[in-house]
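What follows is a group of structures, each given as structure tokens.
Two complexes are shown next, each including subunit A; its partner changes from subunit B in the first to subunit C in the second.
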Partner chain A sequence: MKTRQAVTRQAERLYVRKPVCTPREAAARARRTRFLQVALAVGVPVALLLLWQMAAASGWIDRRLFPAPTTIARTAWDLIAAGELWTDVLATLRRVVLGFAIGGLVGFLAGAVTGLSRLARSALEPMLSALYVVPKLALLPVFITIAGLGEPPVIVMVSWTVFFYIWIYTMEAFTQIPEGYREAARSLNVGRRAMFRHVLLPAALPHLFVAMRVAISVAILVIVAAEFVVGTTGLGYVIFDSRRLFMNDRMYVGIVTVALLGVILATMITWIGRRLTPWAEQGRPRV
Partner chain B sequence: MARRHRPCTVFVASLALVAGACGGSAGTPVPPAERVTAKIRPVAGCGARADFALAGDPAKGPARCDSGAPAPQPLAKKATVKIAMPSTSAEYVSGVVLAERLGEFAKENLDVEIVALPSTDALPLVGEGKLDGYVASSFAAFFNAVDRGFDIRWVIGSGWLRPDSKQGVWARGRHVKISDLKGARFGTAVGMGSAVNVLINQRLKEVGLSLKDMSFETVDVADSVTALRNGSVDAAMLLDPFWVPLKDDPNYTFLAPSVRPGSDSGGIYFGPSILKRRDVGVAFARAYIRTVNTYLAGDYKSDPALLVKQSAGLGVPGDKLDDTPSYVFNWDVPKGASDEIQQLYLGIGKTVTYREVIPESKVVDRSFVAEAVGRERP
Partner chain C sequence: MAVPAVDRAGPPAKISAKAVTRTFGVGSEALHALGPVDLDIAEGEFICLVGPSGCGKSTFVRLVAGLLPPTEGQLRVRIRGASAAPIATVFQDFGIFPWKTVEANVRFALTANGVPKREGRERARQWLARLGLADFGDAYPDTLSGGMRQRVAIARALATEPEILLMDEPFASLDAQMRQMLQEDLLRLSQTTRPTVVFVTHSLEEALILGDRVIVMSGRPGRVLDETVVPFPRPRSTLVRESAEFGALRGRLWGHLKNEVEAQMAAQSGGEMRSLA
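So, the complex of A and B:
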């Protein structure tokens, strides 16, 4: 009897473990981690700005070529107050949104068709892959010749760029859907349209949002480059024209605005993606 | 432990990287060169014909020395000069290109390196002393740089166009008048802030208009004719040799040249690194002036022997060079040229960062030319 009790006690000693931390401690640790992440996300850019300001103020860098952040902020304020910056932001935004919508829609359709049909993939993939590697900016003169100057060639350029990103990601998303999803749906006698709407599209949608996030960033890159070459409005033109006129503070206002625009648009897409695809929260593909 | 410190390590490393990027001599402004009075001594071959009075006179000028003059005066020690230009094939830069390829700089014991670089990229490098100078037009950025304290000076002029040259503003349509440009889409690679707009702005003023009455479209030089032909723009600034295909086409009208005879829109600019090495700057000016007097004087393209030399020097076939008329090279910066250009920019607005004309004494330095030809310059 004694021996049995001793064994039981020993087993209790073996299996009863003291928790590593209490739930309260775990919550506190999570808060600390979150705080550190936010502090770093905010602190690093702020520290870099301070360093930049200090470098400009103390003459480590030539302020005429690299104006201090406060000078850039003052110039930005003046441009906003004069209503000049908004015109260019809206011009760029309009081109990006239009180009993104057109390129995204066509890219999604092409991606869905090539992802779901082997025949379509055989017919289109080699040609589209070949076109994909052509530098997008190299085609700008072609678009200008076809569409003339003004908005059309720039919007076509953005659409063309976005199309390829959305097409490739969408095609991959559809081809990688596990067969088990289809089998489960078939066992419930689901029709083709319902299969697409309730099984295939939801499975591909998280990848599509990743594609959109990548594509919007590339669209910003392309629009800035295109506005360097064509037109007299937009943030790309502001950067190019300011550089041409040696107005470096205005040039940096353009660069910072482009960066902010890119972050805002990418964040918006991520936010919309999270709202529309809550089932993909775990194991969400990351950019 | 190491894991806990990782974010801090990344942060510190980022700061170190930025600090490293900011360090060094890159940001140190180059102090302005001390101005030296030119030592004017008579130069053989540069007589009364080299007088400054002829500099802005399209009827009798520009100033010239004899062919081969001024004679080389090699520097005691070989000096290197790095000079930028947007293209090595444009007519107005051919004086520098020929001087280098035909050995005129070498005769002065100068090793000149020509760097093909857009003016906007060259300007800050010249201001920082990383390049010695550049060849371009007096675009607004140059005046903005001078206004911000960069020690850059317009030291040698480029010249103007002969009457048979049609480099300038072309419009789509027959018998188009300047007044028809109101509301027109104007294609240009250089935007409003370029000195080539001075003359067209004057012509527009004569009919009560200005550059602001047109909408500017950025079009690459090479695409300007295409843009004009497909109707993307109503008028365009066509530089050499892009106007040649339109010269016999009645559907296009030539409205105004890019430069008024006797005036100037650009030339050679020296930065602080060469302004400080005065003997090098004078040797450069001497070699350039000798090249103009020897190979680029008068109607040099009608002289087959000169054309052969130019063709060999530039590496361009003679028949291509012959497409466009001879340029009138003027190594002087005409009096009032910098004021005239600045007044254009101030009138347009939004192209310069200041409100009053910068005096010629802070923009132009004719002392290098004066010393090279041995005659006073203002």
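So, the complex of A and C:
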């Protein structure tokens, strides 16, 4: 009996939890990780550019199709020096800004009305949702027919696109405002105008800036295509005209400039948004 | 200890509910949430409403606040002064606006009701100071703890100097220490200005610490099940919870409430409870 007990008794075990490294080692490791992240973020694009440069210089790829980055940079410099690029940048910028302003304003008004009134939503939402799924570019011929050639159809095209994005996001933003905020405001005897100005608008504002960031990118997408179809100026025209004339270095200059324009406009919207909604955490709208 | 519909030959009630009911929705979707409720609340009285979740406590507060109309019956709220905002409400969430600074939140309640801007700023600062928030006027609410945010809500409600203060589970989402701190704040402030208070809570302890009278409500549709006058004299502190009498009262009230909560649990689990018992 005694021996059996000794055998079946479980062996005592001790679990020791202790640090795996010193605080200094942990700090060093965190620094290394951070350095690696930055190095990768910068290094990978630079490496790809270098690879492209080498490939073009040594003739691995067709230089006429893929001119070396240095060639593109030189062409860009020449175009800027000749003042040619600015004309097209300004033409595109003007169309985007005008179209964005018109489409954004109408979209905001439509979004506010449909977001705040159930009846307006019933009246307008099905129709607008149906129009929303029509491919925007398919309507360009319609706009040309209505608005004639030149600037108007392109601006209408951009407005049309921006309108839908801003409208849908604005409507969502207003319908999602928690009832609690309205209740709190009503318990303070707040009138309709003050309710909009002090409660509904600020509650929706962070979402509206998200909408504008999305809309500006789509506006750029659309403007390039529209300028290809109807333009005689603008970056979209530069890109497609260069391709037609087989000036591929100029084509890449156009592409890079459009990308830069998009980044700059989106960054501006983000910056203004941060200034106007200081209570919202960075990049994360909250209502 | 239950006091049957207290003798009120004297002044007319501040808030008087007569056969008040509230139903949400219509037809087969209709949900009978509250009532019929008959309840008289005297001027300067601190009433605590307790009851199982979904018993219509919050609905009752919204009826008094005028945020909802009753479905049947009548609710009379008697206001003496000329104040534009004689009723103030403190909510559990969403009460204060995250896009306004702490001071702007308090000021908004005043300027929305016609207080001139400068006076509004002055009064906002005074009330923030009284709640220990003097240094946080320029902060945004989301940078404060839950307890501080509810202090802002209380400061905003009291800054309008209301005749009636409605509080809908204002401390429900706070931790125990924070809750006790705010209970002390509320005792101190309500004992100096003496507004009529309707305080909704699911904590019997909180109700007994704060209230002059505790109303226990039944499960949905909520009705008045029991009224208990709290015997502790004012001015009072949260220390009353240490007394033996407090424990006895709490036990007696729990006796009422327990049945309701059990009935509700049974109803929710389709009678499972009853078959087990």
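Following the convention adopted for this analysis, the second predicted complex is superposed on the first by the 238 of 287 C-alpha atoms of A that agree within 3 Å, B and C clash if a C-alpha of one lies under 4 Å from a C-alpha of the other, contacts with A are read in each partner's own complex, and residues count from 1 in each chain.
Operating definition for what follows: a residue touches a chain if its C-beta (ideal position, glycine included) is under 8 Å from a C-beta of that chain, and two chains touch if they have at least 3 such contacts.
In this text, all values refer to a predicted model and were calculated from it rather than measured experimentally.
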{"item": "Joint occupancy of subunit A by subunit B and subunit C, clash or fit", "value": "fit"}
{"item": "Subunit B versus subunit C as contact partner of A:Gly59, first or second or both or neither", "value": "first"}
{"item": "Touched partner set for A:Leu51, first subunit B, second subunit C, both or neither", "value": "first"}
{"item": "Contacts of A:Asn189 with subunit B and subunit C, given as first, second, both or neither", "value": "second"}
{"item": "Contacts of A:Thr145 with subunit B and subunit C, given as first, second, both or neither", "value": "first"}
{"item": "Contacts of A:Pro202 with subunit B and subunit C, given as first, second, both or neither", "value": "second"}
{"item": "Touch count on subunit A, higher of subunit B and subunit C", "value": "B"}
{"item": "First, second, both or neither for A:Leu40, with subunit B first and subunit C second", "value": "first"}
{"item": "Which of subunit B and subunit C A:Met247 touches, first, second, both or neither", "value": "first"}
{"item": "Least C-alpha distance (whole Å) that remains between subunit C and subunit B when both complexes are overlaid", "value": "30"}
{"item": "Subunit B/subunit C common contact set on subunit A", "value": "none"}
{"item": "Partner subunit A, residues of subunit C touching it in the complex", "value": "62, 65, 67, 84-85, 87-89, 91, 93-100, 108-109, 112-113, 140-142, 160"}
{"item": "Sites on subunit A touched by subunit B in the complex", "value": "36, 40, 43-44, 47-48, 51-52, 55, 59-62, 64-66, 141, 144-145, 148-150, 229-232, 237, 241, 243-247"}
{"item": "Sites on subunit A touched by subunit C in the complex", "value": "178, 180-181, 183-184, 186-191, 194, 198-199, 202-203, 205, 277-279, 281, 286"}
{"item": "Subunit A-touching residues of subunit B, taken from the complex the two chains share", "value": "7, 10-11, 14-15, 18-19, 22-23, 26-29, 120, 123-124, 127-128, 139-142, 144-145, 148-150, 185, 187, 190-191, 193, 215-220, 223, 226-227, 230-233, 351-353"}
